[in-house]
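Take a look at the structures listed below.
Common to both upcoming complexes is chain A, partnered first by chain B, then by chain C.
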Partner chain A sequence: MKNSLREVAKAKFGIKKLMGLVILLIVLLLIPRVASNYIVYVMILAMLYAMLTVSYDLLLGYTGQLSFCHGAFYGIGAYTSALLTLKAGLPFWVALPISGMFTFVVGAGVGYPALRLRGAYFAVTTFFFGHLVYLVILNSYKLTGGPLGLRDIPPPEGFLGIDFSSMNSSYYLILVFGILMVVFLYRLVRSGIGRIFIAIREDQDFAEAIGINTAAFKVLSFSISAGLAGLVGSLFAHFFRLLHPSTFAWMTSEMVVIMTLFGGAGTLFGPILGAGIVTFVLEVMRFAPEFRYVIWAIALIVVLVFEPKGLIGIIERIGRLWRKK
Partner chain B sequence: MMQTLEVKDLSKEFGGVMAVEGLSFTLEIKAGSRLGIIGPNGAGKTTTFGMISGELKPSSGIVKFAGERIDGFKPHKVCRRGIGRTFQIVRVLPELSVYEHLLTGAIARKFSFGLGVDQQREAERILKLTDLERLKDVVAKNLTTVLKKRLELATVLMTRPKLLLLDELMAGLNLVEIEETLKLLRKINEEMEIALIVVEHVMKAVMELCGRIVVLYYGEKIAEGSPREVANNEKVVEAYLGKEAKNYARS
Partner chain C sequence: MDYLVMQIINGIVIGSVYALIALGLNLIWSITDVPDFSQGAIYVIAAYVGFFAVTWAKLPFLASIFVAMCVGAAIAFTCEKMLFRRWRGTTHHIQLLCAIALFFLMSNLAVVFWTGKAKFMPSYLSGKIPLLGFYVTYERLVVIAMAGILFGLVYFFITKTKMGKSIQAASQDKETAEMMGINIDTVNSVVFALGGALSSTAAVLTAPLYSVYPTMGDLPLLKSLVVVILGGFGSVGGVLVCGLGLGIVESLGGFYISSAYQHGYSFFVLILVLLFRPKGLFGRM
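Our next item is the complex of A and B:
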């Protein structure tokens, strides 16, 4: 009896969740119709950050590996895509998958040796890799333009009469990619691969002892996460049409970690929420450019001290209290 | 052909200290094959398990399983050859439910994207065997140590081992729980035909469970035989109680 009651509650919650998602989708679809260009621009930034963060959640939240170089993969994807269109003259729709695949391969190349290390040692190694990528981009004048960056990156080629150089169509393009990425990750973490990632997160030695090739699956998680970041980088490059190395400096990697923890690692939805809120608040606080990072640091500490699961944990807690009433 | 585990001249050195030295024994993989490894603290029991399961690389010596040399293999490869193990300090996946543990075990053995009916049925069967059915949805971190140990064993069983290495499964259990665990282990050995090697400090349990016992003392094998033989062996009594105590007992 108790069991069946629980199942009914679960099913109800499922419907509620679904309705929430539908409402969210409708709101997202309507935003460009009602909001100003500036709001749409901030929304695009938020979505790009959300995609970057949710792809990082696969590594930190589901596989339990803390890295500090997600921004570097974002940058590799952005520059690869920009250079492929600018110098090789490839269309965006070809450059996008190539930059994703290239970043995946770089991820595997870095992950294979780095993931032999565990915990803090791995984290520090990735931090220096991230910085190395930044320095390479900054100093390869001929290829990347160095500190001057790359300009005049073409917008995605339009089709069916859609012109992707406008703000609104960029918004919808990125929204579609965002939904695809979230659905892909949602399916992935609930598949057999996801189960294996979670087992590694929970106890690597035990996972190894029950026959899981932890080394290979950790590299897989790292590379998928990197490859997705590369795709987001490509989207960013062709939306912004201007690249500067500082966008991919260590601060970006750090922000991705902060957004993930702030929203709630290992939940997919949490990091999206975290990225959205952080982007908007940073935008609102533009009047105090340095001070806002101080506030973020404090906010992160406060959230994590009270609820290690981040915003999602707080929401769940409120939900439980509400249901008790 | 009868499958066997063959350990030959196995040694492990940790910075000049011989944790295990020249250890040899064999065990046939069949019903009724139950080997106990006993010895005082620091005798090299867990080190031996580490070398068989691939966690540690032997300094010298050979481990052969079903005719294949497996020493130096990575742990996941050893597991895939059919040797399962539990840990001295219990290991589970804290945030996962009991049922999810078993499904993870099934996927670890044979990778698949989704979960088949077969895997779910096998999980139900192991749940019933280990008497964890009613705890199916409990998250592992909320279990007591005793139940965690049983869950660890259940998860390892999902990988369909031919040989199980059990490191102090009975530590911290009360008499009733020890009886239950002994019954379970006999069942696993006799019905599933999984050979067992147990490292154990609870003498009563080892003596009752194992047909043969290997005694380690400072990394060396000092005795091997039936429980009765081992219990009456002078060297063994000396190792456990010390020379003076033995003399004292005599006088």
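Our next item is the complex of A and C:
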């Protein structure tokens, strides 16, 4: 027991890992000081995607449920927050938690019937839920502006003399939220609840046999991940300040799934890496817009053929080679 | 009243397209446990192949269906042989991811080669017949007839031939089937090629009714996935009934309730059915 505890502690606070994290953090903090506005913009985009993907990793990577409606929760969060500030005049700091909670509740409401299904049945049902949300956003002209979208969403209100409408301060704001979310998820998947999620992923019938209420925990995982996606959506809305339904069409949900599996599901770090790399590659390829997705799809297939575990698998391989030398 | 009949016929036309794609998907899904999204892109590529066969090579319509069928079957066959086969027996997420990647790849290749602009296929058969006070064009009847013929052929193939019986056996229990001397590799190849051929036929059949553009495969793919789940695995008749049913529900809902949500009705049908019959309406497994 003592030994295993020590191992856990070692795994948690390995000095190399800690150093790596500190260096990463310093680099992230320094980026707005040294890089151009455009790079900062791409970084913000990458961070938003990384947050969205890492919140999805809780569901796919840790609970083992493949869903195709994460983009829909992202959209629900974004529109809720935007409408609360635009129509009800609430400040951003109130709208943000409300949109997160609302998305959490919607997630629970959808997850309760849908999670009775398993595997691909569940996946296709969520696919349709995602499409339905898109149709509702697209067709509720009075509320969401339909295909015209919403404009003039206010930026987050500043406090203590910080003005959140500038690019650099939004960068730090989103970075802080991102770190909070990753720490929360890291703590969650290593807590008792996280172990239950992993048990469900490994063998749902067995988990049920040892007395776990699998239905409730699956819904919990689904709604937590939905709620976090809602928070990211709210950040997105107040950073870009305009919303369009096509941002939340099924393409987004697919990209989230791809980024998670591409990076390596069930590792938290993998999806963040995957999201970052995908965002940057798509951004770099902007000079040839038609070829972006073609080259990107080929790269994805090559990675899969080479290493089914995704980027994390490749990193592990390199690490093993390194140690052998 | 006239409108009701008209909408039902429209529903049957679009429903037989869903049913054709779903038939191939159903076979692939029941053998490999993978919802093969790439069929949606094969559908797009085949529609373009059919379009160019008619306009550029000046082939007759039926010949262009055959050409597209061969191309679609070849693409699906190659994808299975080069990619899906690698991960057989491992977690399904990889195969699904690969299928999605192929879907992205092929539908974006269509954009690269032929731009996003819609192309209109010339009509190959003019004329219409009167039916209960309004007219049905021959082209629509051809879609229904072709779907019927193909369903008959596939049904015959699955139930009567040796290969078809191997497919049935493999979809029920892969290990036992393999022990009985069935070559799973061949079964996989045949099933994927068959799926590609069926999706391609559906694509070329609808091309003259609607138009040909790179995202034309998205919605039919989604709907046919629903049809597979509604119908349940291992039932050719179930796929046909559910495909036609879904088409009719959509077109009636689009006409009488709201056309904005036309593509959302299948979601309600799906949820309703799955709440009461989680194995689908006609599923045997």
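Just a few scattered comments:
Basically, the second predicted complex is superposed on the first by the 312 of 325 C-alpha atoms of A that agree within 3 Å, B and C clash if a C-alpha of one lies under 4 Å from a C-alpha of the other, contacts with A are read in each partner's own complex, and residues count from 1 in each chain.
The rule we apply is simple: contacts are C-beta pairs under 8 Å (C-beta built on N, C-alpha and C of every residue); 3 or more make two chains touch, one makes a residue touch a chain.
Treat the numbers as computed from the prediction; the structure is a model and nothing was measured.
Of the two partner chains placed around the shared chain by superposition, chain B is the only one that A:E202 touches, whereas chain C remains out of contact. In the superposed model, A:I193 lies in contact with chain B only, and not with chain C.
Contacts of A:M19 after superposition on the shared chain: neither chain B nor chain C is touched.
Touch criterion met: A:I210 reaches chain B, while chain C stays clear of it. After overlaying the two complexes on the shared chain, residue contacts for A:R116 are found with chain C alone; chain B is out of touch.
In the overlay built on the shared chain, the residue A:V183 is in contact with neither chain B nor chain C. Between chain B and chain C, more residues of chain A are touched by C. Using the contact criterion defined above for the overlaid structures, shared-chain residue A:L300 touches chain C, although it does not reach chain B.
No residue of chain A touches both chain B in one complex and chain C in the other.
By the touch rule above, chain B contacts chain A in their complex via residues 53, 55, 74-76, 79-80, 84-85, 87, 91-96, 100, 103-105, 107-109, 111-115, 152, 155-156, 158-159.
Those residues of chain A whose C-beta lies close enough to touch chain C in the complex are 60, 66, 113-114, 116-117, 119-121, 123-125, 127-129, 131-132, 135, 138-139, 250, 254, 257-258, 261-262, 265, 290-294, 296-298, 300-301, 304-305, 308.
Against chain B, in their complex, chain A makes its touches with residues 191-193, 195-196, 198-199, 202-203, 205-215. Against chain A, the residues of chain C that register as touching in their complex are 29, 33, 35, 83, 86-87, 90, 92-94, 96-98, 100-102, 104-105, 108-109, 111-112, 218, 222, 225-226, 229, 260-261, 263-264, 266-267, 270-271, 274-275, 278.
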